[in-house]
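Each chain carries a letter (A, B, C, D and E) given by its place in the written order, and its residues are counted from 1.
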Amino acid sequence: MTLPLWLLPALPLAGFLLCLLFGRRLGKTFVSAAGAGSVALATIAAYARLIPFVRGDHAPVVERLSDWITAGPFSVDLSLRLDPLSALMVSFVTFVGFLIHLYSIGYMSHDETNAGYARYFAYLNLFMFSMLVLVLGNNFLLMFVGWEGVGLCSYLLVGYYYDREYAANAGRKAFVVNRIGDFGFLLGMFAIFGLFGSLDFSTVFGAAAADPGRFAPYLTAVCLCLFVGAMGKSAQVPLYVWLPDAMAGPTPVSALIHAATMVTAGVYMVTRCNVLFRLAPDAMLAVAIVGGVTAIFAAVIALAQNDIKKVLAYSTVSQLGYMFLACGVGAYVAGMFHVMTHAFFKACLFLGSGSVIHAMGGEQDMRKMGGLRSKMPVTFWTFLIATLALSGIPPFAGFFSKDAILAGVFEDRRYVLFAVGVVTAGLTAFYMFRLVSLTFAGRFRGTAEQEHHLHESPSTMTVPLVVLAALSVVGGWVGLPRVFSETGDRFGAYLAPIFPALPAHREAGLSHGTEWLLIALSTAVAAGGLLLAWKWYTKDAGREPDAIVRALPGPYALVRDRFRVDELYDAVIVRPFRLLARGLWKVIDVLVIDGVLNAAAFLVELAGDLLRFLQTGNVRNYALGFFLGVVGLMLFVIGAF
Amino acid sequence: MIGGIPLSDVLLASAALFTIGVAGALLRRSAITIFLSIEVMMNAANLALVGYGAALGTREGQIVVFFVIAIAAAEASVGLAIFVSLFRHTESIDVNDIHLLKW
Amino acid sequence: MTSGLLQFGPEELAAIWPEIILSAAGCLLVLLDAFAPRSRNWFATLSLAAVGGSLAMLLKAPAGASFGGRLETSALTSLMGVFIGGTAVVAILVASNYLRRTGEERGEFYALLLWGHVGVSLLTRGLDLLVLFVGLELLSLSFYVLAGIFRNIPASSEAGLKYFLTGAFGSAFTLYGIVFLFAKSGSVRLSALSQVGLAHDPLVLFGLLLLLVGFGFKMSVAPFHAWAPDVYQGMPTPAVIYLSVAPKGASILVLYRVFTAVFQGGLPDRFRLAIAALAILSMTLGNVVALAQRDIKRLLAYSGIAQMGYVLIALAVFGRDALAGVVVFFFAYLASNAGAFAAVAALFRDETKPHPIGLLAGEGRRSPFAAGVLALCLFSLAGIPATAGFMGKFFLFKAAVDRGLFALAIIGVLNSLVSIGYYLKIVYILYMREPVDNERPPRLPVADGLALGLCAILIFALGLFPSRLWELARGAADGFPFFGP
Amino acid sequence: MAAFPIDRLVFDLAAVVAVLFAGVMVVHHHPVKSVLALVVGFFALAICYVMLWAPFIAAIQVIVYGGAILVLFLFVLMLLNVGSETRSPGGRRPVQAFLSGAALLLFAGLLLGLLRHGGAAVPNGSRGPAAADIAPLARLLYSDYVLPFEALSVLLLAALVGAFVLARREASP
Amino acid sequence: MALLLSKHLLSVLIFLPLAGGAVLLLVPESQARAAKAFALAVSILELALSVPLWIQFDPRLPGFQFAERFEWVPSLGISYSLGIDGISLVLILLTTILTPVSLLFSLTHVSKSVRAFSFAFLALETGVVGTLCALDLALFYVFWEVMLVPMYFIIGIWGGSRRIYAAMKFFLFTMSGSLLMFLAILYVAGRHKALTGEWSFLLSDLLRVGFAPSAQTVLFLAFALAFAIKVPVFPLHTWLPDAHTEAPTAGSILLAGVLLKLGVYGYLRFALPLFPDAAMRWAPWVGLLGVIGVVYGALVAFPQKDMKRLVAYSSVSHLGLVVVGIAAWTSTALSGSVLQMVNHGLSTGALFLLVGVLYERRHTREIDAYGGIAGVVPVTTALFLVATFSSIGLPGLNGFVGEFLILLGTWTSAHRWWSVVAATGVILSAIYMLTLVQRVFWNPLVHEENRALPEIRPSELVAAAVLVALMVWIGVRPNDVLDRIRPSVEALQASVNARRIQARAGALPIPAEPRP
């Protein structure tokens, strides 16, 4: 028998309700059980459903639960869709999610109150629910439900330490910036409904594929709207600013939401809509450019960050840029491939950093770390592996996906973007090894009692690390480039049904020679960055960096201050907004509208106050008034005759 | 024509009297004088009534005048009584001095 | 008509019974007061009986004109009789305790009230300028006296003087107007006015104008209103109750009678414009100045001036529906205005002092019933639906809109918006301010309670079920001699 | 135009006198003098009434007005012994005076205009001047006009009681 | 009794609260709690009676259901005529739900002359339900105006510091509009008389009368003004912040939850069908004002320092969106608007209620007086969060459905750009509401007195929980409501369009359909 799809989101939802309603009273063990357990069950259920699906002819499956909204011509159902794409997402979302729940048990165990602990797991479960809805939804609206749901959870979890103002700010910032993206998404949906009269994936894509000529003219706008949504969710320039701040949340959250799953929703969405995007080449170019710019921009910023999580955050942004670059050039498979591998090693990195921070008693500044290799070996080794994967060193997972992307870009003849990609690869390797060196190599630079407390993390935290590290190694082998083996790209083959046939010039693909060249190039660049970082920061601990800083202080400061983008936004958007709002209130409302009305009322009152003095109390005046009235009437009436 | 008297003369006199009455009522300050002026106005009306009555050859005019005179008498008694009772409070019947009630 | 001399026959007697009863009761009261002072406690009852008796006789009097076409008995006069009778009843009910409080409980008060009532009754029934004038004077004389009857209160005497002087001045004009109508029609009968050609005679128009002025004065229409605030303020409240309601209704009826008699081809535009102008002036001046009043009796006086503006709209409309609307309006006005003054009489216990609104603070909790009725009456005057006042305005404005007098109607509703300002001000002082002193108020006398209760019931009854009265009024208006459009 | 109508001459003279003394009444500052002036004026009016074939009215004009009302005025003036109008503070009110004057002129003008413009025209039903005897007048009063007459009686009664109520010297018991 | 419930359910619903209030006045003033409990019981009974209304209502049937009719002023054709369609139905339910909620909240709070307080609320309920049921213009007007009086007292007696100003402003504002509508009603009925020789104020009769374009415009504007003030539409909204802010919590709940909707309801029920051409001609302006309201309200809400005032301005924004939906005139947008009225009633009602919870404990509505209290009052915080996200249209909660339908329907209408501009409300609402949440519940706890803030009381909790439950329910199963709204909305469109066609075909002004 096959488990119904709704079970997948339903289980975390149940966990959410349990933690929310009973968590505070029943204590941490219960919460752990309910929280992690529900996700574990979901994972099991997912794989129970997925394995047969993947083994089989993985033809799309749609399960309609009920009608949802019907109004006039508009109607959308609550229905879930299982196809290779969603199956892929579900598989690693549930799995990674489960690992991180597991990890959280250890990481959050010393969170003082039961209430906080319950709250944490409740949010986490709610996130799993929303993410699964996002992935499994069979129409744009349901996807949007998950889309906003994960946004909500990210908001709640980033602001988890609500009594710290920066956390609260970060949460709000995350939600608002996401909302800006969602604005685009909404418009996109309206436009799609306007064009196709439906929000159902199959209907929309079917119609689009069937009659491209009819819709193509509008689709550029539609796709750009949708992409704005993706930019918000996946932290692309210029909407990336919320992600670094989002590190204010607990580290596992960063790992799960802001590295592995949620932020890749944008990529998922674009891939999901690849049919539409293909019909809008300009939009695709935009996607590619934004992706490339984001990739290198974030990578550069990452070079000079000292907060361990900030480095990882910017690296995430940069990697997301990579993924969009892939989508932009039509290499969706590569993009999704990178999504998956990135989920593994970036989660691993975050969890590792979490383990480090845990050990350092909350310290996140790498300059106060160093030499942790001996103190926490497991963390170190897993972290190293993940780093290598991220840097794109063969045969680790990252190598294959990144290589695929670069190949795709080159294949699409976007040579500038290709160059950008290659450079970024080098930067990536550099800042990652800078991080590793500063953290694990050399001697300890923190305080004595920090040093005294240093310890390897408990098993609930290390096990996930190991597993993820393992995946970071082997995860990439499902998608070998053709130069290794013609049938090696099982990943591509698996996802193929999602994409209609490729345009003609792409069929040829690259010659083996070129492909070898690209591989060699990217690997070399990566290795170069790696070695440079190792030389500067480990071998002869950081003299050259100082030299550089001294050489060009301006640029260095600029990079260190993240190009002062936040300040820019504050000056250009936030302040004017406050000013405008306040001005409208004080001027239009108080001054103009109420002013006019009160003035009118006042004038009437005034008239009364003056006219009452006509009543002088003197009879003669009364008689005169009377007589004037008479004469007036006579003039008016008799005067006419 | 009433006998040899043209009606216009009567009306002219009546109008003059009425206007004078109004003038007195408007310009004098002593309540009594004002009231006298009002009496003049009524007499103006009476004159016109008699004139018209005669011109129309009906007695109704005179009858109305009869009523008016009686009413004038009644008014006089009441009015003067009011003056008296007011005079007890404000040792004056100058209407300029009487403005307790105003605004 | 004048040829065959009129015999005072049984039908004349039947027709005049109501007035006879009232006059006789008046004499009786005076005599009792002089020779049997013990019976004072029964004066109010006696007066009520007289009013009731006269009303009964009026209702069973045979319809038609009597006294050679000088006195009308019809559905309309019966309705108006009920209206003015009701006013008298409320006034008398309030008077009983009011006079006892002030130690002025004398037969003369009731007697004069009843005689004034006779005058008003003649105004509603008279078909003859002479009768109308006598009725007018009878009313005026009685109320000159009633205004000044509290001789030891300066305000009262001053009110008497002011009312007397302005009243006499006004009635002189009325008289002069009558002269010209008589001159042109050759008779004092209204029926004589409906000869052809009079409608365009400038002298007749002049006469009508003076009548409009004279009765407008009684209705306290601006600019002939100046007496009202002062007189209302100084006059004993029970008398105000009567004076502020009944004569106004009678006056507008008289105007309708005279105008319809002359203008058989409908109201000339000039006249309509003039009346409309008076209406607008009245509404606006009344409402605006009322906003600035501190003394509740003055405030109600100005509100009355404004309300008469609404009534003049009906005169400008000049039609059967409008006339019927006027009747309904005045029943509503009786309930609301008389009720309001009755509440004032119940809430202010010291007659020698003025009646500042501020003293009402917190009465909503101190004497809930009286305050409640006052609030109700004010809402009714403001024309809030489900109260009588709304229905009154409803019919007036309906008539105006039907006739196409949109500007007038719009100005009217805008004015009632202004009026809400001061009506609600009183309500707010009643309920939303803390009382000035917390000593328990004496409990409400039965008679006052009865008066207030009657008004409250009438307000709701009319507000919720206006149908019956409207039918009656409409039927009565059908009997009214309108010619032409 | 036959011989100059003597009665017109008399009427006009009387009328002029009446108007003149009415004016005197108005301009005089001392109430007593005003009253006395008015006495003369009313007598003149009585003459006018006589000339207008209304001897009865002339009689009651003399008796009631001259005899009763004005005397009553004099009594009251004595009772209150009010002197001539003193310039009380705020006595002179230029605006009031000006407006009154203007209004009066306008009024007079309009009135005259009206009267000469068809004022003298009487409906053609007129049967010439009626006989000056009083009996028919009385008959009318008690038959045709019995209603207003009775009403008038009530009115007089009310006035009587009212005057009594107001003028009683002692405070109410 | 059974007959009463079967034949005259609407009358019962209308007058039950008033009758209960009358009985209430017999309770001695001293028995405060008894009075409250009794009033609450009455309102709950009312709710119970409105459930069969919900069940027995058959969306498939055309026209008005549960109809009743008696002659009221026969000679003028004024009749006591009732009936409801889906639109009135959902609003009636909203009313019968919010009234007990607000009374439940007041159980533990109001202390000043409780009897009158409860009476005012019951009277208000009568007025509202009556307004929603009336099918005769005169009757409608009576109920419409009568509502003001209890609300005036509620604000004026039990309100905050500037209550007098607020009460007066509320009364005068609303009155000024409706007085002109009053004249318009008279004129409309007059036309019917002129054209058919018979008086009638019955909507169904007046719908047959045609009006000359010029007259139609004036009449439409008169009606629209009255309704626009009530909604309130942008330039006429300034009474609302004051009224909402100064009114007692329960008053704000009903004011925001129900009274505002009556403006839109009146527009849908009377202004549109009676003057379709004018309505269509002016729709662009109406929509424009709506759009302005959305953005303006959201912008102005942001800098507010007073919690209630902020929520009040958010109402301006939300109702602006509703107006946009009406003006867009697509069935999707219309359904969305009607649904959104319910949603706004629930979410804003809940927000006011929870603000009231805080206010009753700290006696200040100043946002800066709070901060960091999430840890002190977690339950309140949670409820407030749900209400917030419902109000800013988070999918899965009710707010989103209405908002989405309106925007989508507007997009498919002739005025696409309205939808674009109005959609920015999605961003703005998030900004001001989340700022409020953060400044009140999050951030460091600076004011010591907040450390001992008592948690929400059971009675308040129940009141809030009901609303939250409804939010989730509508969010997940909106069709339960939409199914009842949709047919009525489509019928409305059909009738209006039919009337326009008739008007064009037949020479005006004549009765579109001469009476037998």
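For this structure, a couple of remarks:
Here, a residue touches a chain if its C-beta (ideal position, glycine included) is under 8 Å from a C-beta of that chain, and two chains touch if they have at least 3 such contacts.
All values derive from a computational prediction rather than experimental measurement.
Relative to the centroid of all protein Cα atoms, the closest per-chain Cα centroid is that of E. Of the two chain pairs considered here, A-E and A-C, the higher C-beta contact count falls to A-E. Separating the centre of chain C from that of chain E, both taken as means of CA atoms, is a distance of 43 Å.
Chain geometry summary: the mean Cα position of chain A and that of chain B are 99 Å apart. If each chain is reduced to the centroid of its CA atoms, chain D and chain E end up 70 Å from each other. A straight line joining the Cα centres of chain C and chain D is 30 Å long. Contacts with at least two other chains are made by residues 18, 21-22, 25-27, 29, 31, 34, 52, 56, 58, 61, 63, 67, 71, 74-75, 78, 81-83, 85, 95-96, 98, 100-102 of chain B.
Multi-chain contact residues, meaning those touching two or more other chains, occur in chain C at positions 2, 130, 134, 137, 141, 144-145, 148, 151, 160-162, 165, 169, 173, 183, 186, 202, 206, 229-230, 421. The set of chain D residues touching two or more other chains comprises 96, 100, 103, 107, 114-115, 119, 122-123, 125-126, 140, 145, 148, 152, 155, 158-159, 162-166. Under the contact rule defined at the top, the touching pairs of chains are A-B, A-C, A-D, A-E, B-C, B-D, C-D, C-E. Taken together, the chain A residues at the contact with chain D in this complex read 620-621, 624, 627-628, 630-631, 634-635, 638-639. Taken in their complex, chain B has these residues touching chain A: 22, 25-27, 29, 31, 34, 95-96, 98-103. Looking at the complex, you find that chain C touches chain B at residues 2, 130, 133-134, 137, 141, 144-145, 148, 151, 154-155, 157-162, 164-165, 168-169, 172-173, 175-176, 178-180, 182-183, 186-188, 229-230, 233-234. On the side of chain A, the complex with chain E involves touching residues 24, 67-74, 115, 141, 144-145, 147-149, 152, 155, 159, 162-165, 168-169, 171-172, 175-176, 179-180, 182-183, 186-187, 189-191, 193-194, 577-578, 580-582, 584-585, 588-589, 593-594, 597. Interface residues of chain E facing chain C in the complex, by the touch rule stated above, are 71-76, 113, 141-146, 148-149, 152-153, 156-157, 163-164, 167-168, 171-172, 175-176, 179-180, 182-183, 186-187, 189-190, 193.
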